[in-house]
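Below: the structure, in structure tokens.
Labels run A, B and C following the written order; every chain starts at residue 1.
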Amino acid sequence: MKKLSLFSLLLLVIRRDLVLAMRRRADVLTTLFFFVMVVSLFPLGVGPEMDMLRKMAPGVLWVAALLASMLSLGRLFSADYLDGTLEQMLLAPQSLSVLVLGKMASHWMVSGLPLVLMTPVLGLQFDMSVEAIGVLMLSLLLGTPILSMVGAIGAALTLGLRGGGVLLSLLVLPLCIPVLIFGTGAVQAVTSGLNVSSHLSLMGALLVLALAFTPWVTAQALRISME
Amino acid sequence: MLEVSNLACSRGDHRLFSGLCFALSPGQIMQVQGANGSGKTSLLRTLCGFISPDKGCISWGGTDVRELAEDYFAQMMYLGHLNAIKDELSALENLRISAGLSGMELSEADAIAALRRMGLKGRERLPTKVLSQGQRRRVSLARLLVNDARLWVLDEPLAALDVGAVALIGELIREHLAGGGMVIFTTHQPLVVAGMEMRSLSLS
Amino acid sequence: MAINWFKYSAPTTFYPLAGKLIPWFAISSAILFAVGLYIGFVVAPSDATQGEFYRIIFIHVPSSIISMFLYLIMAGYAALGLIFNTRLSSMMASAIAPTGALFAFISLWTGALWGKPMWGAWWVWDARLTSELILLFLYLGFIALHASIDDPRRADRAAALLAIVGSVNVPIIYFSVKWWNTLHQGSTIKYSGTSMHIAMQQAMFTMLAACWLYAIAIALMRVRSIILEREKNTKWITELAEVK
């Protein structure tokens, strides 16, 4: 039997989780529908006046993306925790951080990426310009992975707890505020004709920081929670 | 090769055991006995590194397992109460992924051979959720056939198994011990391993 | 004087030490509160631009500063408990958390009280106030996580990890909120204008010291009750006078 390289291990975990998600398609779709529904609630709540909706759009879509991510994070580790596969991962002879990174990546592909792809449709509902939609998609593309990664820390800390999803949101939402600010700031910059590169490069920097640190921190959180 | 000295462990406020010392050499098998709640599962989980002991030290080949970390994990295998298989995947997929997570690439042919030996012929490609409890346990135990771990830590491996499967597990353990492996386990059903002297550790 | 600090790192020895220290901190804090409030509310002159309302800063500013420092100290103790496995460090972190949250809340409340006469609104999304609000959420998250986990060891360690992650994030959060505020040309609550009158400086420092001593006294009191709670099955607790 050949030994697996770290990269193959990463791909194995991602493939496994994607296959599992495909066989439980309902979970994937509920996150997406939640996103669409929350976004649609805002015009119902504040009135259909186009000027106001256009200004609110980046914030509304971003907050909805945040909430949808929070909801789906509960599922990141819980299924594996309940059937014992998670404890086997903790005994893996290779870095647990790599396995965790694989789970974060597949979580993003299943929960974050669909939101990014849904954005143009929702952006049109809010009468956003094409450039604004483009920048919004880019900011969500950079930001949703960060939400998955930082949220994974919360998911690992709250593994198996009764408070569950709400507690996870309480812990993780404050940490996601910078991503929210830079993400919406980028869109507002483009609609005011200003330069978006500073916002997007800050997002990029946060993404790199998250990639570097969150897998290891999440692995430690998992070991603490599995005691 | 596995040495435990002065081990003490508690659950919440409650001290389960203390001053525990033993050593397990290649070819030896040890059963951990004790009443319900005496800490058998906690001891096994401490040996796996899930739980940090209050006091004492576990060493493998002379080095503390906390230092060895992943090197220790590469040489041991744990089978707990939970089967560690995904309901939505087939037995074949589950076994190959388990092997992959342990760092080994398992070919389809080898996986099928292992599942057949476990008595799952014809059921390798069905999603495990349609299998019975006993069959799922067999899928989980198939891992014993496909890894090269020296130490097997088994927490009630015979749960849900029928007589034929119990005999099979006894056979697998005998082969493992003959090859220089070590086994430490708990069980509520009698486990007989032909020709092997069973050591015993009592926690009550 | 060479004190063997490690002697006091066990709950058994720290408990009586804390008991002896509390009255000193409590009384000196009460005295300084009285002095500080007197200087701040009676002696210091009224401000040219803000009249009498500005006096609330003698409570607002010290409580903001203390809330921020307490978070870092709490995270520090939590980190010590996580790395060195010392129970007492984790207990200190748990003891500090509610006090830190209280100061954050007082800071927000006095900020609102200050904002209303100045800007006509009970809440303005000022960068510092918003960051203070987020700090309150971080405190509440720590307390909630600790309270949600039954096993004390897991609770201590999980909350410690959260506190460490939080403290690393605090500069990022603060920076992003400031950025957000300047982008949107938000209002800034600042004590602007001429340099502070000497009495105002005295009041500020006195109140800061008073809050600090109060925080220490309360943390010591709380850690004693946490020790009683956690160690209730051990022998030395059952032999204490309070428990018998």
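Keep this in mind: contacts are C-beta pairs under 8 Å (C-beta built on N, C-alpha and C of every residue); 3 or more make two chains touch, one makes a residue touch a chain.
Here's who's who by UniProt: A = Heme exporter protein B; C = Heme exporter protein C.
Please read these numbers as outputs of a predicted model, since none were measured by experiment.
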Chain of greatest Cα-centre distance to subunit A (Heme exporter protein B): B
Distance-to-centre winner among chains (Cα means, whole assembly as reference): A
Among all chain pairs, the one with the most C-beta contacts: A-B
Separation of subunit A (Heme exporter protein B) from subunit B, taking each centre as the mean of its C-alpha atoms, in whole Å: 36
Separation of mean Cα positions, subunit C (Heme exporter protein C) and subunit B [Å, integer]: 49
Inter-centroid spacing, subunit C (Heme exporter protein C) versus subunit A (Heme exporter protein B) (mean Cα positions, whole Å): 32
Sequence positions of subunit A (Heme exporter protein B) contacting 2 or more other chains: 227
Residues within subunit C (Heme exporter protein C) bordering two or more other chains: 151
Residue list for subunit B, restricted to those that touch at least two other chains: 52
Residues of subunit B touching subunit A (Heme exporter protein B) in the complex: 48-52, 70-71, 73-74, 76-78, 80-89, 93, 97-107, 110, 146, 148
Of subunit A (Heme exporter protein B), residues touching subunit B in the complex: 1-4, 8-9, 12-13, 16, 19-20, 23-24, 79, 82-85, 87-95, 99, 223, 226-227
Residue ranges of subunit B touching subunit C (Heme exporter protein C) (in the complex, touch as defined): 12-13, 52
Interfacial residue positions of subunit C (Heme exporter protein C) with respect to subunit B in the complex: 85, 150-152, 232-233
Footprint of subunit C (Heme exporter protein C) on subunit A (Heme exporter protein B) - complex, ascending: 153, 157-158, 161-163, 167, 170-171, 173-175, 177-178, 181-182, 185, 188, 206, 217, 220-221, 224-225, 227
